[in-house]
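The structure is given below, and queries will be raised subsequently.
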Amino acid sequence: MQALTNRSKVVSDKKMTFIEWIYIPAILKGMSITLRHFFKKKATISYPEQKREFSQVYRGQHVLKRDEEGRERCTACGLCAVACPAEAITMVAAERKPGEEHLYREEKYASIYEINMLRCIFCGDCEEACPKEAIFLTDRIVASEYKRAPFIYGKDILVEPLDLNLRVDVSARQTENVLKFKQNKRFAHNK
Amino acid sequence: MVEQVPYINFAWLVPALPLLGFLITGLAYKRLKHNQAGIIASTMVVLSFLVSAALFFVLQSSGKDSATVTLFNWIVIGNMNIPFALLIDHLSLTMMLIITGVGALIHIYSIGYMHGDDRVNSFFAQMNLFTFSMLLLVMGANYLVLFIGWEGVGLCSYLLIGFWFKNPAFNYAARKAFVMNRIGDLGFILGIILLFLTFKSVTFSEVFSHAAKLQPGAPVITLITLFLLIGAVGKSAQIPLFTWLPDAMAGPTPVSALIHAATMVTAGIYMIARSSILYNLAPITLNVIIVIGLATALLAAIIGLKQNDIKKVLAYSTVSQLGYMFIALGLGAYSTAVFHVTTHAFFKALLFLGAGSVIHAMGGEQDIRKMGGLRKKMPYTYFTFLAGTLAISGIPPFSGFFSKDLILAKAYEHNILIYILALGGALITCFYMFRLLYLVFSGEQRLPGVHPHESPRVMTIPLVILSILAVFGGFLNIPSLLGGDSKFTTFLQCAVISKVPEEISRYTEIALIVISLILLIRVIIFVYWRYVKKALIPAGETETKPFFSRLVYNKFYIDEIYIALFEKHFGYLSDFFFHKIENTVLDPVVDEIGAATSRFGTMVRRLQPGNMSFYLFAMVAGILLFIVFILII
Amino acid sequence: MKEVSSAIQLIPLDNYIMLSVALFSIGLMGVLFRRNIIVVLMCLELMFNSVNLLITAFSAYHSDPSGQVFVFFIMIVAAAEVAVGLSIVVMMKRNVESVDINLLNRLRW
Amino acid sequence: MDWTLLIYKTLFLFLILLITLLVAMYSTYGERKVAAFMQDRRGPNRAGPFGLLQPLADGLKMFMKEEIIPLTANRYLFILGPSIAMTTALLTGVVIPWGATITIGGREFPMQIADLNIGILYVFAMVSIGVYGIMIGGWASNNKYALYGAIRAASQMISYELAMGMSIVALVLTTGSLSLHEIVEQQHGMHWNIFYQPLGFLIFLICAFAETNRAPFDLPECETELIGGYHTEYSSMKLGFYLFAEYINMFISSAVIATLYFGGYNMPFIDDIGLSANIVTILGTIFFFLKIFGFIFLFMWIRWTLPRFRYDQLMNLGWKGLIPLSIFNILATGIYYYFTELK
Amino acid sequence: MVFLFYMLSAIMIISALLIVFNRNPINNVIFLIVCFIAMAGHYILLNAQFLAVVHIIVYTGAIMVLFLFVIMLLNLNKAIIPHKSRATRILAVITGGIFFLVLLAATRQTIEIHPRYPFTSDIGLVKEVGQTLFHEFLLPFEMSSALFIAAMVGAIMFGKKDV
């Protein structure tokens, strides 16, 4: 079998030499190792102040996107809820009243849209299931809370703000490849 | 207090080294490999010899006659103080050099001889213990230390004779030697006790200085010397206590060489020489010594004529030679006796070792009737044996000549009868020695199936050294007649007070030498004619022999006489004591004492209920009562 | 240290004797009183120590240090005794499942 | 009675107590920092600058926690345990010479509370009493883990006390005095005892680890086997006492090691500079504390380097390793002095 | 000083009595420890500092730990062993009392002490004790080490399970 690391040693119960038997060199060696680590650069960062860079495909807190005119894209089709393996998504659909065209893109919209963040496993299936490019997972971290109730995120948190400057950028998730992939009807979930 | 000689305090090393060897080989005998024990033991003795030699030169250069090394205070009772002290003077140095020198050679020889024996480690331990004891014997500065050595050599002799204890006959021989020695020791102890009662000391110097004040021939002195003589007779195998020595040949040959030829048996001679001052005061004892010595010399020599066992012949020759030494002692020529001890140690050790070499080569066969023709096969052994034979026969210029001739000269001066008898003994000695030589080495090999071969180097080299000593040892004491200055005699003079002047008239001496020489050569020619030319073989066990021959062959039936005289009666006596006295009187008394105690114990044990609390209460009550008792009183 | 030395002059030796005797008697009482062998051993220690105290007091009043050396030796003996005694107790507990001194009654005919 | 001296001593006593507690407090912080650093972490850094207020927060937490005495526990002994642990830990500081003598207005103020002529033995005695805190606490909890911890602690401390005592005997052979003050004075300049007794120092150091129940000898409280060992049932400030006692012990041990083997408040080459005596004394005290901190760091360093012993290994090391070694050390020292001083 | 003496004595006697009359072995041990520490105080009063510290190390630090250890190991915390019978107990108390009186009477008769040496406060110091120990009592000292070895071997032999 191939060794997993290059530092592995074969264990044997051969008789120790005197130098090994008094252990002191070994102890000193170990102490020198710990001392070296003492002065090493620390691996920890002070999190809230400093943040590590997320990878492109990081899947964090969800966002419900609006379109260019500020209309919600979600039509409450329910595909995301169906796709969700953790059953974290619930929604109530409603019909768009006249005069609300500037709010919702289609005739149907989600009047209530909730994701239970305690259940969500951030698999990203909802994002793939969505035919309307409405839900995305972003590189934001779900904030910690003291109670369980606030973890059920409603539309007030999930839907991105109207202000164009405050919109969540999901361009990393909508590359050419992704879009092309989504158009491909060969894959079952896109049907 | 004598001013100390420098470095003399190292004298304790001389006995200590063999003791160390004994401890090493004795305690670690299970761990030592085949030759290690021998090498250790030999090294110790060789070192001891070197120390002795160093002591010799130290004493010589210091110009002193003697030195006493007190190791520690041994017995201190009241105003009696017996120190454990070593006396280094010319006499003890001579003996030390003989013991360690010859002993070292025999030890080395034994490495080869005992090779392959499964108890070889025990053998060397015992040999070393013997050397230690013997050194203690000769170095002791008082009779008690001497006695320790005396008993120690007796013990080692017993152990070594019975070394091959699986053979019951050997065990019997060992026991016999021990018992015989005990008889002598009893006399010796009595002598020491009497000495102590008389002189209030057992230290040599004090005893001798006290003794010098006594009248010659005083009964006390005679008694003491007689008692001591009994010890010497036992140890030195004289009539009537000599029968153990031939039987002692049961031990391994190096043992015979070291103990029963070179050293231990001369302990008696040494003791008498050491006590020369006492003996000079007891003319009766001296005469007794002459008689004993003469009788022993002749009797043993005659017995030796008909013996067929190679070692038995040598044993009887030893007894006979010891008789010669006794004659010298009895004549008051102590230094001559010691000189004969020295030369005898050389050639007799040589002969025994040669015999051992022969036995080794013959695969354990000791009967000379079955040997023969070994000259070609064992040249070293042959030539060294020849040297020994010439020496013991007293052929000039071999060492035996000088010492024996001195004794004969002294005898002649004292009494012509003694001279004639002694000369006869010498001729007989010459006869049986050459008989032995020719039977063993000349002619054809008579025992089929054996392929004799020369012994290994480790055995022949000691032989060669000893033969050199046997040949030239006599030059230590060249008499003035031959242009020498009697070095040895002069050397010993300060330690041994001889009674008679050591010089006799020159012409008589020459005449004596010539007479003995002529007779010796005739004897040798006769032996040559009888055993080489006619190739006579001594008769076997079964053949009938003439009366005298049978008598001699059976050693004059002395053993049988002893058995009839003493052993049987003692047996009856002990039977009587066992059946009548012990069984009917002593046993019931002892039994009754035990039974009564037991009954009493049964009563008392009821006091012990086994309850700890009770014990504690009882204890406290006892203490309370005790304190109250003290307070009231 | 000078103040301490005056203590010896302030307190009569009789007080120490009385104290030691009292402790000794209490220890003795305990030895007789209790059935638990460990407590008996402890009471023995108490008796030892009362003797120690007395010897030390005598030594101090005598100005002779050899008394204190003796206390030292008594301590050694006590330590050895405790080691052996407690091992016996462990043994006893193991064999008879109890440390009751009255059960140690095998020591008879 | 010299009232000035009395007042000074009392004040000094309180000062030492304060410093001891302070150092112990910040040792907890240091421990966490060192542990973090050795594991490439940052450690406490939120409470106050660099997390310096963390010990206060911890202490506060300890006080605020609920006080629990188990129903089956022996109430009095349960309380007695941590008290003994804390008391004996604090008692030891009395004999340690924290500095040389300061002279103010012709009056000498030694920076040591009591200069006993048997100072080492006093330390030793206090350490030996310290076992009771753990044993009684562990036993009184009436909990098997606690009992195991207590028994482990007792046997461990007795075993290592022997070797420690014997290493000190060798040291005393070289110094010829049992007084800590004298021992420090003898090490003036660079004549530190470590150079004369390297083996003794090693033995003493190892035994000090065992006596303070620090890793790798922390079997009495080893979490993986015994939950919390002898303080399994403890909570609130009684637990705090135990933990605190451990850090105090560590501080005192470091001080004793520094005193016995590293010259205490002595600095090399200080005589050559030519400063006034008082300044030298103060510098010495600072230097002494630096040494102590060094040793505390060593304690932590080793804790975060070496894995814990197994119980049989611990006993083997103590009885078959250290005791023979320390006897050998005594012997070697004795022979050396026999041949050098008895000429 | 006198006050100290009486206080320590009172502590000692009370704790000693508690050892005898308290039924819980663990409490007994703790009272004995208290008693011993008070005794160390007495030693210091008597100027025997070295002895005091050795006393604490040996008795409190080693012997009592052993006691505690054994009690813990054998789990003797419950006072399962009954007291002795009432008669025995009364007898014990009486015996103890009589012993006290008799010993007191005995010691009352002791003669007045005449110090062999001039009074010094140094005899309790390590130096003095050590010199006496290693000059006059060297052989007993060495013998005691032999005793210790014997005790150790004995204890180990007893402690072995199968002997």
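The first chain written gets the first letter, and so on, giving A, B, C, D and E; residue counts start at 1 in each chain.
Basically, a contact is a pair of C-beta atoms (placed from the backbone, for glycine too) under 8 Å apart; a residue touches a chain by one contact, two chains touch by 3 or more.
Owing to the predicted nature of the structure, the values given are computational and were not obtained by experimental measurement.
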Intersection of contact partners for chain A and chain C: none
Smallest count of steps, each to a touching chain, taking chain A to chain D: 1
Steps in the shortest chain-to-chain touch route ending at chain D and beginning at chain B: 2
Chain pair that, of all pairs, has the most C-beta pairs in contact: C-E
Chain whose average C-alpha position is farthest from chain B's own: A
Inter-centroid spacing, chain E versus chain A (mean Cα positions, whole Å): 73
Centroid spacing, where centroids are CA-atom means, of chain B and chain C in whole angstrom: 66
Whole-Å gap separating chain A and chain B, where each centre is the average of the chain's CA atoms: 111
Between chain E and chain C, distance of the C-alpha-averaged centres to the nearest whole Å: 4
Residues of chain C engaged with two or more neighbouring chains: 28, 32, 35, 102
Residue numbers of chain B (touch at least two other chains): 613, 617, 620
Where chain D touches two or more other chains, by residue: none
Each pair of chains that touches, named by its two labels: A-D, B-C, B-E, C-E, D-E
Touching residues on chain E, where the partner in the complex is chain C: 1-2, 4-5, 9, 12-13, 16-17, 19-20, 25, 28-29, 32, 35-36, 39, 42-48, 50-51, 54-55, 58-59, 62-63, 66-67, 70-71, 73-74, 76, 81-84, 88-89, 91-93, 95-97, 99-100, 103-104, 107, 110, 113, 115-121, 123-124, 128-129, 131-133, 136-137, 140-141, 144, 147-148, 150-152, 154-156, 158-159, 161
Sites on chain E touched by chain D in the complex: 26, 30, 33, 49-50, 53-54, 56-57, 60-62, 65-66, 68-69, 72-73, 77, 125-126
Complex contacts: residues of chain B adjacent to chain E: 613, 617, 620-621, 623-624, 627-628, 630-631
Chain B contact footprint on chain C (complex, rising order): 28, 31-32, 35, 101-102, 104-109
Interfacial residue positions of chain B with respect to chain C in the complex: 605-606, 608-613, 616-617, 620
